[in-house]
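So, here come the structures, one by one.
Each of the two complexes below includes subunit A, the first together with subunit B, the second together with subunit C.
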Partner chain A sequence: MLLSVRNLQTHLHLRRGVLRAVDGVSLDVAEGETLGLVGESGSGKTMTGLSLLRLLPKGSGRIAGGSISLDGRELTTLSESELVREIRGRRIAMIMQDPMTSLNPVFSIGDQVGNPLRNHDIARGTAVRAAVVDVLRRVRLPSPADRLDDHPHQFSGGQRQRIVAAMAIGCTPRLLIADEPTTALDVTIQVQIIGLLRQIQADTGAGIILITHDLGVAASLCHRIAVMYAGQIVETGPVRRIYRQPAHPYTRALLEAIPRLGAKRGRLAAIQGQPPSLIDPPTGCRFAPRCALRMDKCAEAPPEITLADGHRAACWKLADA
Partner chain B sequence: MLELDGLTRHYRTRHGVVRAVENVSLTLRAGGTLALVGESGCGKTTIAKMILQLEQPDAGTIRFEGADVAHMDRAALHRYRRDVMAVFQDPYASLNPRMRVANIIAEPILAHEKPGRAALDKRIAEVLDIVGLPVSAARLYPHEFSGGQRQRIAIARALALQPRLMVLDEPVSALDVSIRAQVLNLLQDIQDQFGLTYLIIAHDLALVEHFSSDVAVIYLGRVAEAGPTAEVFAGPRHPYTQALLAAVPLPDPDHVLSEAAAAGEIASALNPPPGCRFNPRCPRAQDICRTTVPELRGTPHAAACHLVSEPPRT
Partner chain C sequence: MNGARFLLRRLVQGLVSILGASLIIFVISRLSGDPVALLVPADAPASVIADIRTRFGLDLPLWRQYLIFLGNALTGDFGNSYRWQMPALRLILDRLPATVELAICGLIFSVAIAVPVGVLSAVHRGGWIDRLGRVFAMLGQAMPAFWVGLLLILVFAIRLNWLPAFGQGGVDHLILPSIALGWYPVAAQTRVVRSAMLDVLDSDHIRLARALGTPERLIVWKYALRNAAIPLLTMLGVYFAAMLGGAFVVETIFAWPGVGRTVVEAVFSRDFPVVQAGVLFTSILFVLSNLLVDLGYGLVDPRIRDAR
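Moving on to the complex of A and B:
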C-alpha cells in the first residue's frame, strides 16, 4: 500500500479547549488510486490532509496519536528536517484551493515552479529552466517557455491552478493531496482541471487524495470515497457503492439533500440541525442528534460494519440488519 | 413585473473600458424566479446591482411594473427601494457584527417608517418566526449563530418591509451542503407564502434547475440564452449553454464529463472578441460568428447564436 493511515488523532489546542479535529481516522491509498475525502467544512478532511504533511497550525496543532506510513515508512516519528528534506513537496505534495494564496505575487512563475526542483536536487543551474518548461508543458500551460518571467497576476484563474499543479508535480511525488482544487474555478474551467489531475495520475502513477465537499467532483474523479463527519470517517467504499448503495444515514442524507441536474425533485430533503462541536463531541454516534433513524443504542460508539469488499460504514442500524 | 431593456454598463479603468454588461434585455414574471447563470466576471452581479440601484446603467432602462426606475420621483423611488430587497452570498460579511439581530432587522424598517416600540418588536418577532428562528434570537449578535442561521437572519431583514421582489446573490454558496437544502426550502416556502418574485444569481446549475422557473445564461456581459428553465435545460441551443451543462460534474460515477465543449480560457471583458463573444471557445464557430454579433432570437426560449437554426444537440 502506498499510504496507510491508522487511527490518526489530530488535536488543535485552542483557548476554549482541545478540539479533536481528526479523531481516529484510518485510510489507505494505493498507487495510481484516487481517494475522495468528502465532508463539510469542519469535518476534519483538510486537517487530515495537513496531518499527512505535518503542516498543522503552528503552536496549536499536533498529532496526538496514530500512524502514517508511506511506502512502508513511518512518518509520524520523522524529525522536522527529515520531513522537509525527504517528504514535503518531494514524496507528498499538495494542491490548495485558491491558487492566488499558494502562489507568491512578487516572484515569477519560473522561480516558483523551479524552487522545489532546486530544493530537492531534481535539477541544477541552467537545467532548472528547461525542467520548469517541461513541467509547465505537462500541465498544458500554453507557450510555457515565453512565460517563465511572468508573475501570477498575469494569468487567468485556470492557468494559475495549472501552475500550482506544476509546482506540486515537479518532483514526481508519490502522493498528491488536492484540497478543493476546483472550488474557486468556473465550471468549464473546473472540467479542464479535473482532466488535468486524471492525466497527471495516468502519467506518474501517483496516488491522489481529493479533499472536497462537492459530491459531483468526487464522483467524476475518485476510485474510492471516504465520507467524513465530525472528525471521523463514517463510511468508506468503492465510488459506485457509495453513490449507488450508500449505507450510512449521513451519506444517504447528503446525497438526498443536493439538487441533481436532470432529475427535478419536489423539495430537497434537508438535514436538520448542524454538526456538533469537536471540543466536546457527543459520545456515541456523532451524527445521531441529526439522524432520522436514531435509536437508543446510538448513544454508544457504533461498530464499523463491512458491507462488501472494501465497503464499510459505522452505524448501529447496519449492525442489526 | 420587472423589465430590463438594453441594459449596458461599462467601467473605465486604467487598462481600458470593461464592457461588464452589454445590451441585456430580460423580463421577470410576477411570482416567478429568474436565475442569472454564468461564469465569474460575466456581469451577473453588475445586473443585480443596477436593479438594486447600487449602480446606474450607462444605457438602457429598468422598468418596475411599467415605471422607468430612472425617472421615478423621490416618493416612487422610496417605494421601489422597499419593494426590492436583497440577500447576499456571505452572511458573515453582510451582517454588522456589532449590532444585535433585533437592530439588524429593524434598520430597514426604521429607514422607511416610524413604528412604535411595541409594533417594531412585534414585526421583528414575526419575521424571525417566518425564517424559523426563536424570538430570543433578537437579543443576540451575529457571531452567536451558525452560517445557516445567519443567512436566515439576512432573509428576515430582507423580509421585514414585505418586499415584492428579492434579489438573491448566491444565497447558499457560502453554506455547507447539509445546510443549503434548509435555506433553499425556506426561500421556496417564503415565496409561496408571500407571492414573492425572485431574481437569483447562482453558478450551481443543478440548483438553478431545481429552484428557478426561468433562466438567463450570460456570457461576457451578454445574454447567450434565455427562457423557461425546464426548456433551456432539456434542450440548450447556445453552444455555451451546452458546454456549461456538459461540464457539470454529477453525483454519478458513470457520468462522463465533456471537456471538449468549451476549450480554452474565458476571454476578458476588457477586450472582448468581435462577433459572438463565445466564438474563440466555440467548437462550431464559423466566419460569421467572428464578425457579427448574433441577435437574441426566439420566444419564450431565445438564443443568441448564428447556428441556432441547425438542429440542437441530441
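Moving on to the complex of A and C:
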C-alpha cells in the first residue's frame, strides 16, 4: 500500500478549547489509485490532507495520535527538516483550491515552477530552465519556453491551475493531494483539469487524494470514495457502490441533495440542522441529531460494518440489518 | 496606459504640487515681517528703507511680486540673497549634496533596522523579538529628533568620544546625524514590514510553497519579503522626501551644512529669496522622490509594470 493512515487524530488548540478536526480517520491509497475525500465544509477533509504533510496551523495544530505510513515509512515521527527535505513536494505534493491566489504574484512562473526542482535537487543551475519547460509541457501549458519570465497575472485561471499542477508534479511525487482543484474554475476548465489529473496519474503512477465537496467531480475522477462527517469517515467504498448503494444515512442525504437537471422543480433537498461543534463533540454517532433514522442506540459510537469487499460504513442501522 | 503617458501625467501632477508649495511659502514668508527692518540699523532714515524696498521689489503689490518671482524662477533665477548678496539658488545648490547624503544615510539606517526587525517580529509573532521590537518602536516614536540627536552627541561624542559631534567630514561624521534622522521612521517602517509580512505569510501562495518543501529561509526572505516590500516602498518615498525637506532640526543640531540649516538661518533673517529657493527646491525633490517610488513599484511588482 502506498499510503496507510490509521486512527489519525488531529487537534487544533484554540482559545475556546481543543477542536478535534480529524478524529480517528483511517484510509488507504494504492499506487495509481484516486481516493475521493468528500464532505461538507468543516468536515475535516482539508485538515486530513494537511496532516499528511504535517503542515498544520503553526502553534495551534497538532497530530495527537495515529499513524501515517507512506511506502512503509512512518511520517508522524519525522522531524521538521526531514519533512521539508524528503516529504513535502518530493514524495507528497499538494495542489490548493484557488489558482488565482496559489501563485506568488511577484515572481516569474519560471522561478516558481523551478523552486521545488531546485530545493529537491532534481535539477541544478542551467538545467533548471530546461526541466521547468519540460514539466510545463507535461501539464500542457501552451508554448512554455516563451513564457518562463511571465508572471501569474498574465495567465488565465485554467492556465494558472496547470502551473500549480506543474509545481506539484515537478519532483514526481508518489502521492498528490488535490484540495478542491476545480472549485474556483468554470465548468469547461474543470473538465480540462480533471483530464490533466488523470493524465498525470497515468504518466507517473502517483496516488491521488482528491478533496472535494463536489460529488460530480469525485465521481468522474475517483476509484474510491471516503465520505467525511464531523472529523470522521462515515462511509468508504468503490465509487460505483457509493453512488448506487449508499449505505450511511449521511451519504444518502448528500447524494439526494444534488440538484438534477430535468427533475421536477421544487425545493432542493437539504439536510436539516448543522454539523456538531468539534470542540466538544457528542459521544455516539455524530450525524444522529440530523438523521431521519435516528434510534436510541445512536447515543453510542456506531460500529463499522463491512457491507461488501472494500465497502464499509459506520451506522447502527446497518448493524441491525 | 503606456509608460510615457504615465510619466507625463505624474510630471504634470508634480508641477501642480510644486506651484502650490511656491505660493504657500511666498505668502507665509511675507507674513513673518519686513526683512528690511533686519538689514538696516534701527535709526535708519525712512528714505533709505524705502530705497532698499524698491531695490528688492518689496514695494510692489504681493501678486505682482509673486508673478515676477515665478517668471524669474522659470528661468532658474530665484533672486539674490538679501544677506549674502549672491544668487539664492547657488546657495541652496551648494548645500544640497550634503542634505542628500545625510537623507540617504538616514534612510539606509532606518531600513537596515526596520526590515530585519519587522520580518522577525512577523515570523516570531508574539515572541520576544516581536515584543522587544514594539517597545523599541514606541520609544522611537516618542523621542523627538532633537532629543535623540542631543542624546547621541552626549553619549557617543562627549562621554565615549567615539564619534565627532558635529560638522561634515569623513564617514564617521555621518553616523550620528544619520541615526538621529533615521531613528523616527524606524517605528513606522517596522510596523509596515511586520503587518505586510503577516499578511503575506498567511497567503495561499506561501502555503503552497511550504507544501512543496520550500525551506523556511527562502519562504521568509525571498518569496514573502518581496511581496511585503511593496507597501514599504510607498512609505520610503514619503520618508525620503521628508528627510530631504525636514532635516532642519538634525542639520541644525549637528551643524550639518545642508539645505535645512541654510533655510532655518534664512528664515531667522527674513532672507526671502533663500527661503523660497530652499522650499521650492525641497518640494521639487519631494515630487521627484515620489515619482521614483512610483517607477520603483514596477521593478518590484510586475502587475503594476504591465498595468501601465
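Everything that follows uses one rule, which is that the second predicted complex is superposed on the first by the 314 of 321 C-alpha atoms of A that agree within 3 Å, B and C clash if a C-alpha of one lies under 4 Å from a C-alpha of the other, contacts with A are read in each partner's own complex, and residues count from 1 in each chain.
Going forward, a residue touches a chain if its C-beta (ideal position, glycine included) is under 8 Å from a C-beta of that chain, and two chains touch if they have at least 3 such contacts.
Quick caveat: nothing in here was measured; it's all calculated off a predicted structure.
In the superposed model, A:A93 lies in contact with subunit C only, and not with subunit B. With both structures placed on the common chain, the touch criterion links A:S220 to subunit B but leaves subunit C unconnected. Judged by the touch definition given at the top, the superposed model places A:T183 against neither subunit B nor subunit C.
Subunit A is touched at more residues by one of its partners, and among subunit B and subunit C that partner is B.
By the document's definition of touching, of the two partners only subunit B reaches A:Q159; subunit C does not. If you check the complex, the residues on subunit B that touch subunit A are 39-40, 146, 148, 176-182, 184-185, 188, 203-207, 209-211, 230, 233, 243-255, 257-259, 261-262, 265-266, 281. The touching residues of subunit C, counted against subunit A in their complex, run 203-216, 218, 223, 226-227, 230, 300-303, 306.
Across the complex, subunit C is touched by residues 53, 55, 83-85, 87-90, 93-94, 96-98, 101-108, 115-116, 119-120, 151, 153-154, 164, 167-168 of subunit A.
In the complex of the two chains, the subunit A residues touching subunit B come out as 40-41, 156-159, 186-192, 194-195, 213-217, 219-220, 222, 239-240, 243, 253-255, 257-262, 264-265, 267-272, 274-275, 290.
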